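Below is one structure. I have some questions about it.
Think of it as A, B, C and D in the order they're written, each chain with its own count starting at 1.
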Amino acid sequence: MAENLLKGKKGIIFGALNDKSIAWKAAEKAHQQGAEFVLTNVPVSIRMGTINELAEKTNSIVVPADAASEGDLENLFKESMKHFGGKVDFVLHSVAMSLNVRKKRAYSDLNYNFLEKTLDISAISFHKLLQTAFKMDAINEWGSVVALSYVAAQRTLYGYNDMADAKALLESIARSFGYIYGRDKKVRVNTVSQSPTPTTAGSGVKGLDKLLDFSERMSPLGNADAEECADFLITLFSDLTRKITMQNLFHDGGFSSMGMSLKAMSQYEKSFDCDEIPVD
Amino acid sequence: MAENLLKGKKGIIFGALNDKSIAWKAAEKAHQQGAEFVLTNVPVSIRMGTINELAEKTNSIVVPADAASEGDLENLFKESMKHFGGKVDFVLHSVAMSLNVRKKRAYSDLNYNFLEKTLDISAISFHKLLQTAFKMDAINEWGSVVALSYVAAQRTLYGYNDMADAKALLESIARSFGYIYGRDKKVRVNTVSQSPTPTTAGSGVKGLDKLLDFSERMSPLGNADAEECADFLITLFSDLTRKITMQNLFHDGGFSSMGMSLKAMSQYEKSFDCDEIPVD
Amino acid sequence: MAENLLKGKKGIIFGALNDKSIAWKAAEKAHQQGAEFVLTNVPVSIRMGTINELAEKTNSIVVPADAASEGDLENLFKESMKHFGGKVDFVLHSVAMSLNVRKKRAYSDLNYNFLEKTLDISAISFHKLLQTAFKMDAINEWGSVVALSYVAAQRTLYGYNDMADAKALLESIARSFGYIYGRDKKVRVNTVSQSPTPTTAGSGVKGLDKLLDFSERMSPLGNADAEECADFLITLFSDLTRKITMQNLFHDGGFSSMGMSLKAMSQYEKSFDCDEIPVD
Amino acid sequence: MAENLLKGKKGIIFGALNDKSIAWKAAEKAHQQGAEFVLTNVPVSIRMGTINELAEKTNSIVVPADAASEGDLENLFKESMKHFGGKVDFVLHSVAMSLNVRKKRAYSDLNYNFLEKTLDISAISFHKLLQTAFKMDAINEWGSVVALSYVAAQRTLYGYNDMADAKALLESIARSFGYIYGRDKKVRVNTVSQSPTPTTAGSGVKGLDKLLDFSERMSPLGNADAEECADFLITLFSDLTRKITMQNLFHDGGFSSMGMSLKAMSQYEKSFDCDEIPVD
């Protein structure tokens, strides 16, 4: 598809580690739709991943930045505006990390330095991004800023740990800053609550494969994948959604509105048949 | 317990079919807490059930009424006010029925006469109750009206059918009339969204036993039972909750705030082990 | 704009009364984006309005139908499939009417025949539409069905009356049928909760002008208008949003996520200055 | 009233600065209902306020603690268990502070050290409290932990600043830890979202008086005051609400379910009459 939905639009895309990343797919789709953009990630992820390959394919530049560093963010917007010769129209925030998850600290045994880092990198970075852009007046009127979230912000999923709290904070920041940025500059700010997605980052979550199976059976349309998420992001960066702001939008095949599906329950019921099989 | 939380309070309790009913438990608890009340139900349920036994135990009278009939409701409030020599302080609405569920019509093959009846009996009856009481000025200032709901009003559970829509309508009516009744007469109106409960009415829902199991494992405190629901209702009828109105309050052991629990997922995972056992 | 987002797509659009209607704008935009569609409305609205003008402009046919009549809906889908030589891809439901509002019955003095009609026309018609399409297998895989809603489904606005309950029921039907239609046919079903819009239908709501003013000042991006709503609808009918279902999507300039804005409060505060001006 | 609802229960109450504090009222009511408790606050607040007077009246001891300090919390639970000769049954968390609000930093010009402190004191302190109690096994089965929140966690109110994000984080922590504490120890964790309340802490919020007026007119039952909040808290600490967990409960006279009331709109409309008065 090449509908030129983003023709003439300039953007900044965080978090394209490799070709499994939602941000990577978003960059590819945005390119197809006529957008130009700057890719960014924290230096260690740039080394670990393959972002330069993406930059080449999409005719983009890469500006390293730690989303938690105000200085880096300032530099990123400065470089981006220099590159484009003007302000940007859209920003994608796809940044999240929890040392408590990585180091397998239970939620009832959190390390508070780790928690501070989780919140700083996964949520407060979004405020820093917005505040930096706001102060530098770096986003055009009717621009669009989106961060990626997950249903754990509203409902507890075991093992998702302090990332749930980070996502709740992230969604709140989107509302709080969405009010200011909308009122003063006509810029909209939203979060997309995406199905669990088997990206490199996502695969750190405990028991992800079983969760993906359950989520797939619960969702009437099945889990949304990274590419489908990228499609939706294109609509949010386009001029067709200019009056949507301060929202958390579920892109999840229906999961968030389900209490119990026939498919998930049918699978669940099998577990009891199984119990009845004598093990000898 | 006999803390006299409802000392001097007069009420009307709908829907006590038999000793499994939430309304039955609520009547027993209200009696223990010092309340007097009128019991009511539709004539057929009075014959089918054992409400007269409850009336005797709790020193109450029974006034038959079809909650969907304005005439019956008018008579009910008239008789109640005559009985008490004044207005009432609380009303419990525990009334629901779906012919589509009973006749096993799928949600994609609803009979619209049945749907109209589902909505009339399970939701509009609550408006009729409130409107009748409002017009007759039958509820004291700071009175409390509660209807029973279920999480299906927000999230789809297969098999719950048109009762989900009825509960959504019921919760909306609680908000809409809660505004009017609060503003004009200081009467509060709420719904309680209760765990699936193995009452006589609840047992009509398809696959209830498996749903109860899943819900039990998902809820950190387990499913709430009818007696625990009755305890909570007492607080809502008491003077300790006078500023709570237009709310849907989840009384469900935490289910509504869960995405996935370790217990439910552990059981779910067993279903796959089971698949792997060769059947020969 | 002509991005061909709906190239090759066939649809049915309810409710285009005149050029102020959201459905009218949606039809114009869908036409620009390459869609073909059938226009429909109830005969009295066809006579009152100017739908034939729209049909001519967009190269469409008009098939009269009462959305509350199963027979009419069956005929509508039959005629549409004959016209297109196949199934449809999208349907817009923009149908609402309350005799209680029209006849100025207060919410505490509803006429229950009117209420039944409000629910039938404004909410159950959506179920009838979906059930008819489902039974006739009239919608292609990955098709999209959208109904228009309003924030009154979640929060009470004085004067909106029984339409609030109808919208809550409508949103519930979208979830309930969205589950079935997604699971069985990969068709998605959503509602769009739109800013108050000065359409011919909307102008029946009491005090609409003052509400529009308040809503405008509360929403950081201002109220969304009919044309902007139509833009958003295009994205929902397109292939870019295939995994969004069972959602109520707020298209309202941020209103739904606001508690109080500086602009609305500044205006509100003036009311007190005013009180202080001596009237002599 | 002295219904002995909390007879035999032991608790810990944070945040009773002076007799305007919600925590102060909660302590008085808990005492009336038969509870014993330990009062706690950060040393500077103990000096600034009159907590010792309350301790005397309620026959309590005061154990100073900074809710953000793990060491202090450990000492608090140790001292409390020593005092009671056993575990506690309830804890009230009423702790919040924002230097960004105090220093009048706009939300688009936050100081991030201040933000870190806001989150640490107002939200993470709740996790620390829960984790400390959990590790020390300091709360009895069916115990109840409550933190105070505000609707700003869901909807943006200008001027509430980074406290909105702190409250969103607080409510998420209540869910996340409520799951663990419920599952492992049958302890429930909830937040109460209270009307704006003219406490000493609350009065720091910009334009509080006008917000209180608007909120009063929007809420059908008017704003809930500190004493009414305390009444509700008693029910949450009692055995009558044992299956309510992971919830955010609105105690706000109906505000959270309102879109627009007649009273608020009538006042709002006056602002326009005012505009029309010539100023000469």
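Just so we're on the same page, contacts are C-beta pairs under 8 Å (C-beta built on N, C-alpha and C of every residue); 3 or more make two chains touch, one makes a residue touch a chain.
This is a predicted model, so every value here is computed, not measured.
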Notebook entry, point to check: Count the touching C-beta pairs: is A-D or B-D ahead?
Noted result: B-D
Check: Hey, which chain ends up farthest from chain C, C-alpha centres compared?
Finding: D
Checklist line | Interface numbering overlap (same over half, different under half) for chain A and chain B | finding: same
Checklist line | Averaged-CA centre spacing for the pair chain B and chain A, given as whole angstrom | finding: 40
Checklist line | Length of the line joining the C-alpha centres of chain A and chain D, rounded to whole Å | finding: 32
Notebook entry, point to check: Between chain B and chain D, what's the gap in Å when you average each chain's C-alpha atoms?
Noted result: 30
Note to self: Going by the contact rule already set, what residues in chain A reach two or more other chains?
What the structure shows: 155-156, 158, 175, 178-181, 246, 257-258, 261-262
Check: Considering only which chains touch which, how would you classify the arrangement: line, ring, star, complete or other?
Finding: complete
Checklist line | chain D to chain A touching residues, read off their complex | finding: 70, 106-110, 112, 115-116, 119-120, 124, 127-128, 130-131, 134-135, 153, 155-156, 158, 161-162, 164-165, 167-169, 171-173, 175-181, 184, 246
Check: Where on chain D is chain B touching in the complex?
Finding: 1, 3-5, 175, 178-183, 186, 188, 195, 219-222, 224, 228-229, 231-232, 234-235, 238-247, 249-254, 256-258, 261-263
Note to self: Touching residues of chain B toward chain A in the complex: what are they?
What the structure shows: 151-152, 154-160, 207, 210-211, 214, 257-262, 265, 267-275, 277
